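Paired with chain B in one complex and with chain C in the other, chain A is shared by the two complexes that follow.
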Partner chain A sequence: MLINKRLILAHFWLAFAVFGLALILGAWQMFVRSPFNAWHFNPEFYYRSVTAHGSAMGYVFPTLIAMGFGYAITEATLEKPLVGVRWAWAGFALVAVGAVVAMIPVSLGLASVLYTFYPPMVGNPFYYIGVVMVVVGSWIWVALMSINLMIWKRDNPDRPVPLAMFANVAGSYLWGWTAVGAALEIIFLILPVALGLRSTIDAGLARVFFSWTLHAIVYFWLIPTYIAYYTIFPRAIGGRLYSDAMARISFILFVVVAMPIGVHHLFADPQVGAGFKFMHSVFTGLVTLPTLLTIFTICASAEIASRLRGGRGAFGWVRALPWQNPIMLATALSLVMLGFGGAGGIINMSYQLDATIHNTQWITGHFHLIFGGAIVIMYFAIAYDLWPHLTGRAMDHFGLMRTQLWLWFIGMIVTTFPWHYVGILGMPRRMAFYDYANPAISPQTFSVGMSAVGGLILLTSGVLFFVVLIRGQRAERSDAGAYRFSVPIHMPARIPVALNSFGLWLTLMVGLTVVNYGYPIAQLLVLKQTNVPAIYVGASR
Partner chain B sequence: MSEQKLFTLRNPWFGAAVGITGGIAVLSFLAGLIWLPLAQPDLKISGIWDAICSAAGVPRAAPQSSVQQPDFKTSSVVLTSEMLTHPDQVSIGRGATLAQRCAICHGPEGVSDANSPNLAGQFAAVTYKELNDFKAGARVNVVMSPFAATMSNQDMLDIAAYYAYLPRVPSNKIDAELAAPRIVVTGAPMRNIPPCGACHGDIDTKAGSPWLGGQSAVYIKAQLEAFASGSRHNDISQQMRNIARQMTGEEIDQVARYYAAQP
Partner chain C sequence: MTTESDSHLGEAVAARIERRWATLSIVVVGVLVGMAIFIGIDHATMPQGHVETADPKTLHLTGEFIESNLGSAMEADGSVTVRAIGQQYSFTPQCIVVPSETPVTLRATSADAVHGLLIEGTNINTMLVPGYVSELPVRFKAPGEHAMPCQEFCGIGHQGMWAKVKVVDKTAFLRMMASRRRLSCVD
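Right after this comes the complex of A and B.
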């Protein structure tokens, strides 16, 4: 039962509009630094573009998807209108206005600090204010998810929280807590410098705060994808979810261990002790658990669907899956990219192995494969699945959808595999220009060229995606029926309170944050002489 | 469901969740902050508390081992990129008079064929630094050292200003056809050699790095070999010694021939 369709559609459309613009920037960036382009551009434009691409893709696009999908889940699973619709629109407006406020200084070249801020670089204050507005807007969503769940639980004391809603609220809590790190960094460290109240900044502490956000934000992006795996995929292929409890445990594990692990982004930084780096490394290793659980559950669910359709044999059932179905295809391609990206991630999280690829193009390849690949391809799937229910119009260009999904998959592989490779060769990331005539760099020429071709394929896929959406928006009216999520094989009648509530898991999340971040942050707060002069980006020299 | 108590040890979920999470945290703490630091002999950890402090990143005073002093004098000249770039006319005039005594080797116009450096048009900071180093003994040469020994600081500033003022005279050995050797253009990254051109012109010029165009090939080669052997050691932070030590004999010849043929 989707009631506030305009609210949900507005989130999705704005998200995809931002995605489309940032995709064009991304493809341009790949071209200008590739061997196809003789160097005749101002490198400052490259950093502007990287900042805009990262901020849009990192902060605005997935946040809006999570918010819009979250509202859809709330209404569809709780079977009642969203409580606080005006607040939801206010949150949407904050995100939209914040995105514009942030992007103006970026496009003027006043905040080319990249989306990870990188103090002591400091840009125009409006960039940070815009980002804060986006975050505050999303916090309204966090509060609304929690409030809606509480009201429903009060009215339905004896029913288990529907899985999709449970996962959705888990994601919102994860985001609510993980965004605190970047918020502290911006409000207490960066903004006073950007506003000219101070001229020095504790860059080390700022980076520790950012790492608090930086890793779990990826899991916040990932949650809608996992929700789609568990609650859309089995239904879409005509099967059932293998285990409801396993799904809940996966999301709970994300809440507990996704957050206190961010220091693995700072393995090469001197301001955190080696012991804490090791602890973060251990907990990063634990995050593989919910993903492995998920892969098992989703493959088991696929096998169930296939055997219901007559699939046989130890592996023969794979052929009997409904491969013509875009959701089937998207999920399979997503899992392949998740597998490769996850394997690379295990290298990044290992304290020693990280040294071989730290700050190289490998890292860029890794997060594009996970986020741009495994996660975003499921965002497409979510849109394809939800669109007919939101627009009330048929969406049956399945061939076009499959082409789009295949192109996205191929494009992402062609883009990121060469990036991983040149990263091992030592290509640094975040560089506007590579002198391919240099004998030390020339072996990377072919691979970088190949990745730029991948960028073009991705751009083509992006165009096709909009063609599908717009066609869906203009198709004949038709009733898609009520929106449903997957049903597990064993519908839980009663489940343990631990799997139906968040109190324990939020306590553990905050407790682990204190254990893993408490000392490093306290030490940097107390230590004198840790401030360095700020470098104002875009200031005239 | 709501009547079940969660935050009680009677609920197995509570005990398991807190126990497993706490257990992993404690184990990783023990491993990361005690066992691993103690297992590394290089860290010279004195006990468990020291191991914890070390791994937690508590700042510690640097070990008080005595600094090894070199057995020769090192250059004490401090150069900045703006230094000596705006000499006054009086200084140049005094320098012209003082430079009379240099003419026998460096030529009356700062150019000579005697395989001593051509000084006409050389950056003032470079000439000033070398004179200082000769005087202080950081660089030693049987001919130059006695000349510099009697110079005052003002004398050295004036001579440097005068030679910087003279126009570079094109060498008669210019060979525009000679391609720049790889080491000049790109260096040798695998041996930690930056491109010569990054400091000595072509790509960029850095304070204190001499202009090499038109210098005698014999002189350049002799200096690179002196840096490589360590008999010349007035380069700050061993910049040139580290580079010259890594260069092959063939590369030294190439560089010497190339710069001698440049304007």
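Right after this comes the complex of A and C.
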């Protein structure tokens, strides 16, 4: 049962509003840097826009989705009202105000440092303060998830924690700890400089702190998607979840191994030695495991649903799936994008192959395919699934939803495949424009043009998404019934303590992070003469 | 009709298939990681082993990155060392000359922001972080020209930060080097 519907809806609406604005910026960026743009423009606008697009899409949008979905899961699975509703609204307000506080200096061109910060470039302090407010707001959510679970466990000592809630709390812990890296970077390194208390900064150390956040943040974005795979998809297509235990193992693996691997973002950096790069490379290999397990469980669950509907044959069952169901379609398209994106990710994880594509358009293509594609398409699916329960109104424009999902998928492929290709050719990323007359760049003209077309398709799909949501908000009243998650085929009578609690896994998560990050950080703290003069961005000081 | 024993049987089958898949996944990941380890050790394509510092405030006054020392230098063992710096928004030298089929050591750093250095058509790709020295062993197969853009956002002029690498035949390089202590192709 969903009780605090307004709280949940507020999170989703703000998330999608931010997403819509950032999507427009993204499409504009694609256009101005493409060969279609014949006009001159100030490159500074481009970097402003990239900063806003990245900060909104990376920090605000997925965080609000995870929070809103988390509250919905809490009430639906624990079957009682959320504890700490006032705190939840306070967290929401912090995120909303923080986003505005951060975006004002960005839009004024006072903080064009991109969402990855890039010290020694330092922007207006309010940009960083805004980002910290967003993070602190989300930490309130982390605490609430943990408290609600604890209270429920105390009241229900013999019942296994429902899978969706288990996964949701796993995701909240993952985020709580991974955000610490960037928080340390901002609070101890960047903010003192931005506020003018210091004028030098250790750029290498800052990058190490940031990498602690930068990789695992992707898994934080991913967790609502995986929750949807495991606990919405099988129910939505009239089937059951293949395995409850494997799902828990996958989420636990994310918690444990998502963090101590971020140095793979620093393979080409001089401030971390080969040993730890190697360690992180190996751990990055491990993090493919939960995804491989998930792909199996979800495909097996789909097969069960199909056979229940009369699907037959070794592959013939695929045709018997309910393809007209938007959740079915979204999940299938998401898995295809996850497959391509994951294959690209395996290339990035090895130092040797990474050297070819590091910081090229390949990387932009990679994370847009994974995040913008595989992950965000399931955010749409979550909204479609949840909306009737939140609004109490019917949502039955299935044809429109399918068109929207297809366009998103096609747009993502048309955008990211050419990016991967020009990346292999060596096109650097994050450039405001390219001189297409330069013989070194001219072979990439067509591909960059293609990706701009993809941006336009994505924008169209985004518009359709809002049409569906608004229509859903205005439809006739209808009772969608209680919100439920999938049940496994074999409901385990008892669940081992390890798969029903987090103590051990959180210890491992923190322990492994300390082991894998402790030395590189300590080494840089001890090393002399690594502080360099800050470069203030924007304002003339 | 499902009986109790049917359900147990089904559960056992499901668990068995699942275990097989998990084993297969672990093997696949093991092979991939193993390959990376093998290539790293056997072909010695490992990242820079040690952390070296360079102070960007005094780069132009003292040490190996003073302007007169930048460019390509011949070493006693027949290898070549290329020293370069990145700054907003150019490299010094803007045009690097190297011989083909010769071991080259690239040493570079940044004088201000974080920059990157990528030589198109090769696997040469490294970050330049102010305060630290990046060192990379490289080897160019054939003569030719490569674009060398900065691949990291370094400020509002980032899109204009493109340099060039000219790979010349080894004998031609030695001829050019004969009269010079440091070589570049900036005209």
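By our rule, the second predicted complex is superposed on the first by the 538 of 541 C-alpha atoms of A that agree within 3 Å, B and C clash if a C-alpha of one lies under 4 Å from a C-alpha of the other, contacts with A are read in each partner's own complex, and residues count from 1 in each chain.
The rule is simple: a contact is a pair of C-beta atoms (placed from the backbone, for glycine too) under 8 Å apart; a residue touches a chain by one contact, two chains touch by 3 or more.
These numbers come from a predicted model, not from an experiment.
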| item | value |
| --- | --- |
| Three-chain arrangement built on chain A, chain B and chain C clash or fit | clash |
| Which of chain B and chain C A:Val85 touches, first, second, both or neither | neither |
| Which superposed partner A:Leu114 touches (first chain B, second chain C, both, neither) | second |
| Which superposed partner A:Tyr434 touches (first chain B, second chain C, both, neither) | second |
| Partner chain(s) touched by A:Ala268 [first = chain B, second = chain C, both, neither] | second |
| First (chain B), second (chain C), both or neither touched by A:Thr360 | second |
| First, second, both or neither for A:Ile104, with chain B first and chain C second | neither |
| Chain B versus chain C, judged by how many residues of chain A each one touches | C |
| Touching partner for A:Val282 - first (chain B), second (chain C), both, neither | both |
| Contacts of A:Val256 with chain B and chain C, given as first, second, both or neither | first |
| Touched partner set for A:Val336, first chain B, second chain C, both or neither | neither |
| Region of chain B that runs into chain C when the structures are aligned on their shared chain, from 1-9, 127-135, 235-243 or 253-261 | 235-243 |
| Residues on chain A lying within both footprints (that of chain B and that of chain C) | 271-274, 277-278, 282, 286, 438, 440, 523, 527 |
| Of chain B, residues touching chain A in the complex | 1-2, 4-7, 11, 13-14, 17-18, 21, 24-25, 28-29, 31-33, 36-37, 52, 54-59, 182, 186, 189-190 |
| Chain C to chain A touching residues, read off their complex | 7, 10-11, 14-15, 17-18, 21-22, 25-26, 28-29, 32-33, 35-37, 39-40, 43, 45-53, 55-57, 88, 109, 112-114, 116, 118-121, 123-135, 146-147, 149-159, 162 |
| Contact footprint of chain B on chain A as seen in their complex | 153, 157-158, 160, 256, 271-279, 282-283, 286, 438-440, 494-501, 503-505, 508, 511-512, 515-516, 519-520, 523, 527 |
| Chain A to chain C touching residues, read off their complex | 43-44, 47, 50, 112, 114, 118-121, 202-204, 207, 242-243, 246, 266-274, 277-278, 281-282, 285-286, 288-289, 292-293, 296-297, 300, 346, 349-352, 355-356, 358-360, 425-426, 428-434, 438, 440-441, 489-490, 523-524, 527-533, 535, 537 |
